[in-house]
């Protein structure tokens, strides 16, 4: 099956004996609200309850129809029961790691499961978790959604920076990123500065980790170190890409230090009782540097509807490009004064957030030109080959 | 999901980036050609080869497109690898039984897997297998398709008869089948006679098993025993429904006797080298008592096409009603002189047979009004409830 | 627009604001029930009433939904008002001819409008009308549907025969029809004989018109003349194809003679009060030489339903191949003893007949590879070119 | 037919014999590009040429496919030939008026046909034409599209104002517009002022026509007259709604005076050689008072594509709400500093403009709940009733 062909599917055709026609499509697992729920649920009861809360559609009279009304939440929980146990795996250096859950950072909140994080916190002295896709998306949602919901209170933030990305933010074309360019790098540092300032708004101390590549020059690394020093924030050049754990020892020690300092005063960016519009505007202004958000009548009406229906206390899950603080991927550096146009909003009543869409979201990406399945077979010994 | 809504599905909509529009639908597992292949394959290599042979469609130029050309047969075999191991279970009396595979007796050949039968023959002195859906369908396909393909040579046939079914064939209405009616029963015995004569054409000795219900009268049972005696065939009244294995001891001894007599001279009804039309006509005349088969130009052209494409040696897999020897469910008893109209024919190039459709086939039946899923849940101990 | 693309159309997609999804398609004008109604209506009131009677579909509860319930019959009549006036045109020899209406002879009854015929009968001493598509279809429906409904009583029948067609019925391949072949022609005459006998059943005197082509040999023409003489029916060789009206003078005089003889005792083949099944079987036996009709449970149930709903008195409109008296286009000559399988039946409640479908019907044929539209344009004088 | 059901239609279903599947929909006549072309074409040759230029879609390789390549422009012109002759009708006071063409003011340019205007200019001393839908849309497009294309040079503008609309722009709720409210009216006059200033940018003298309703108070009328006087623009209270032509004599005399003064120095707002983006931004800034336009990557890429394909010289046809100078219908009065988000752009290669869509456009509105067709019928005299 070509997965693209599943993007837009009409079922229930062939006459009324076949039920009601429905125009829909398949989403990949990570884009499903079920994945977001799975990652936010605290236990099986909570999982079942959230699955039951999913709003599938609306009656002609405008009343939401939930999974609970279809009485499918019990069976769904049964299907997910075993998957809900977090997986423990080991790194190449034999350290334990929990791998569990993977919601899209675009249409969902982009963090691993609350269950895994909670277990990690019970088992280890220090737990590191990832919140990727740009700190304006990944970190913002980790704080405002996952930490808020799961009652987590992080002690420190590692802000990962690469020299190539900073040069790109400084205006260098993709094909020229290999060459040393300290001037452009310095121009791009205003992007890093914005991220540092943004993270400060959550009250958690920050360390910048320079994820160093072999091509990066010492002058470039020095420029970042200098900049951060002037800014009162520690930056550490890390070489784990080349040297493994050994290359990140300095960083680890710094993180331990930050954690043990008890300097963190974690707070979310907005309170539950702000209006949905105001929450969105707050993220746009405080994190994106925007002047305001704009939306047409239909979107405004939907905000009002969700509040009327009792979803007003939900946090906002922003879906925008990861290439710019603005919604225009070409606006580099640290733009300000721009407007954030909202295309549509979607309710995730089981995940308990409102998705605010500021651009096109692809929930069923295309497979590679040669499907992985082409290489998979059972060999003469009856073993399956070609999975990796 | 309402399964009826899956009967007719259009995918690939939404523009050319989403691939090619395809109007298709889901079939339940047992109606898939993959299930038929699974049950006819002799080993994993054969399974892979047959999966590769499936014809998915035709190019604009009329050339068949196979799974092999999509290079998906390896991955499909990998998915089926573990399922291909037959399951051994036990009966309520702790006897071993192999449960493996379940192709529809309508669109497919209706027997369990060749793998299970072959294993059974290696493990036990006597192996009993089922071929249901009326002996004109079940037994005919077991002999002409499964035995032909797997090189099996059965020693005896148990023809199961119920008194209610024979009275129905004798003209009694469904709601009156409870009352004793020896006259109607005798009228219905010409249906049993036809089945006995049909089975004789395969050269295998037959014993009739009367699957006795508590409501059946002694006079009715006696009428069958008498009829069969006059016919030179043993009939045995069995009470396993009420008494378990004990109630079928006589039958079992008779079967052993028939098997040990080496009286079987098994032969299929038609040879591989007959034309597809002639094979179909042979089944219709010899098994159904029909005068001939009829088909419009389009169907005749398709027969010719399949022969041209090299599928002429395949056996025929008939799809017709199980309520009558004819294609008209109201024609009871042992009709003759009728015509068998062929609606369409389908190629199963992986299963290696041609499906000849003589009526409507439903490959995605409707679920019950209350889905089984409604009762399934995870209870407070974390156990799944409501599966049965 | 490629007209083929209109065969299968799904409308009402895009959500509930756009109404109800409907899977349907376009039919060409001549295949529409409206055309059949238009040709059977006696006046504007009758037209409006019949349009109102069209059954568009059924409610979930199984009740028919008519055009009248949608209150669209008035507007439809308004649209057809001017078209309902028959057109008078002239032939190349300046004789008047009424051209009005053209229902398909397959899914409909194949004759021009009752309005035109009625006007013709008021204006002229002799009115000739056409009922093409083989006398087993065209003439049968003209008599059983149009004459029955309009109270027409024809005085004579001209049965048009071509030598090529008769040789084809005698077994000559299409590409060999050019060569003289009196033997094959004589073999084919049993087809002509069947048509003559069939027409006799309607009580109207027949004359055979040999529509002579330049390639036809005298010996072939003589063979037909001889055959018909032995049969007591006049046959006349006509050359109007080459000579215009002059070439059909003998035929015209014969027709006048037959009409003035008052020999006709017109009767339909079946009465209104026969069951729909029996009417169909009568046509199959009496006209097609069949032994019987066959139909599965679903079709039989639909016959019963239409009778229950009050449509039992309607005549039957057969839809079958015009190449054979049977439903198999390869069964040439005058086959008998065959069975007529009925695929489906359709209600034309406005036209007031039941369509009995015995094969595939194409109600939207494909345009030629080069659309006629390609040649149409407005020239420099503002005149439209390329219409013919 | 429910017209809503035609909004989204999938054709070409049913297999490859039925052509290629196409997901499209019907538009009402006035929303069709053909209507826009029809109204901009100067003669039949130009009409044919423009129809041929319509871009129907793109090949897989990205090349535009035109009507000309399908060779359909000749036939389309033939269909439109008679319709292309302007209709002359008379008003209730027996003055001649040309009624010809009606393109939507949203997706198209909203003015009647160039053919009618040109004929009018040949026949009369003074020609009045309408360009409705708010002067920011109607007048802007009349000047920038129709006048530019047809070489028209208007002598005067009548800016029609109603007191209710001005009170609404001043913040009065719809249900309170009936009551006198001079304060709100005065607040709303900044909307009128913006329109007056905008029209001045086209170099044509303006007179304000107060389209007076019986409910309007003298104080309200006086407020407008005062305001305009202070502004150096004449305003005239008209009562043609109540008094017919008599009520607009003052206005007519003023218009004649303005025309005869030769004060007009008509110019379009932007030149052909500006980029499409810059043209759009010019309209947004100069007419809407916006700070800038914004658009995502996809829209920007399409602007670039159209320029690359040679459509860069086309004027812009804006599609936005008529309720506000901005794209937000709630922003009343004379907003400034706002951003205009562009949702999508569309090419009208036959009409020779680029449609810039700043909101939802409905090209197939819903019919009234009771279709007009319900009242239409042919009466007993054969006359059609119920059309109006």
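We call the chains A, B, C and D, going by the order they appear; numbering starts again at 1 in every chain.
Note that a residue touches a chain if its C-beta (ideal position, glycine included) is under 8 Å from a C-beta of that chain, and two chains touch if they have at least 3 such contacts.
Bear in mind the structure is a predicted one, so any value in this text is a computation, not a measurement.
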Chain located farthest away, centre of chain C as origin (C-alpha): A
Chain copies touching (chain C, chain D) - same or different residues, decided at half shared: same
Chain pair with more C-beta contacts, A-C versus B-C: B-C
Centre-to-centre distance between chain D and chain C (centres being mean Cα positions), rounded to whole Å: 52
Centre-of-Cα separation between chain C and chain B, whole angstrom: 45
Cα-centroid distance, chain A relative to chain C, in whole angstrom: 69
In chain B, residues with contacts to at least two other chains: 10, 13-14
Touch list for chain D against partner chain B, complex: 10, 13-16, 21, 23, 60
In the complex with chain D, residue positions of chain C that touch it: 2, 4-14, 17-20, 22, 25, 44, 48, 71-72, 74-75, 77-78, 81, 366, 373-378, 382, 384, 386
Footprint of chain A on chain D - complex, ascending: 10, 294, 296-298, 327-330, 338-339, 341, 359-360
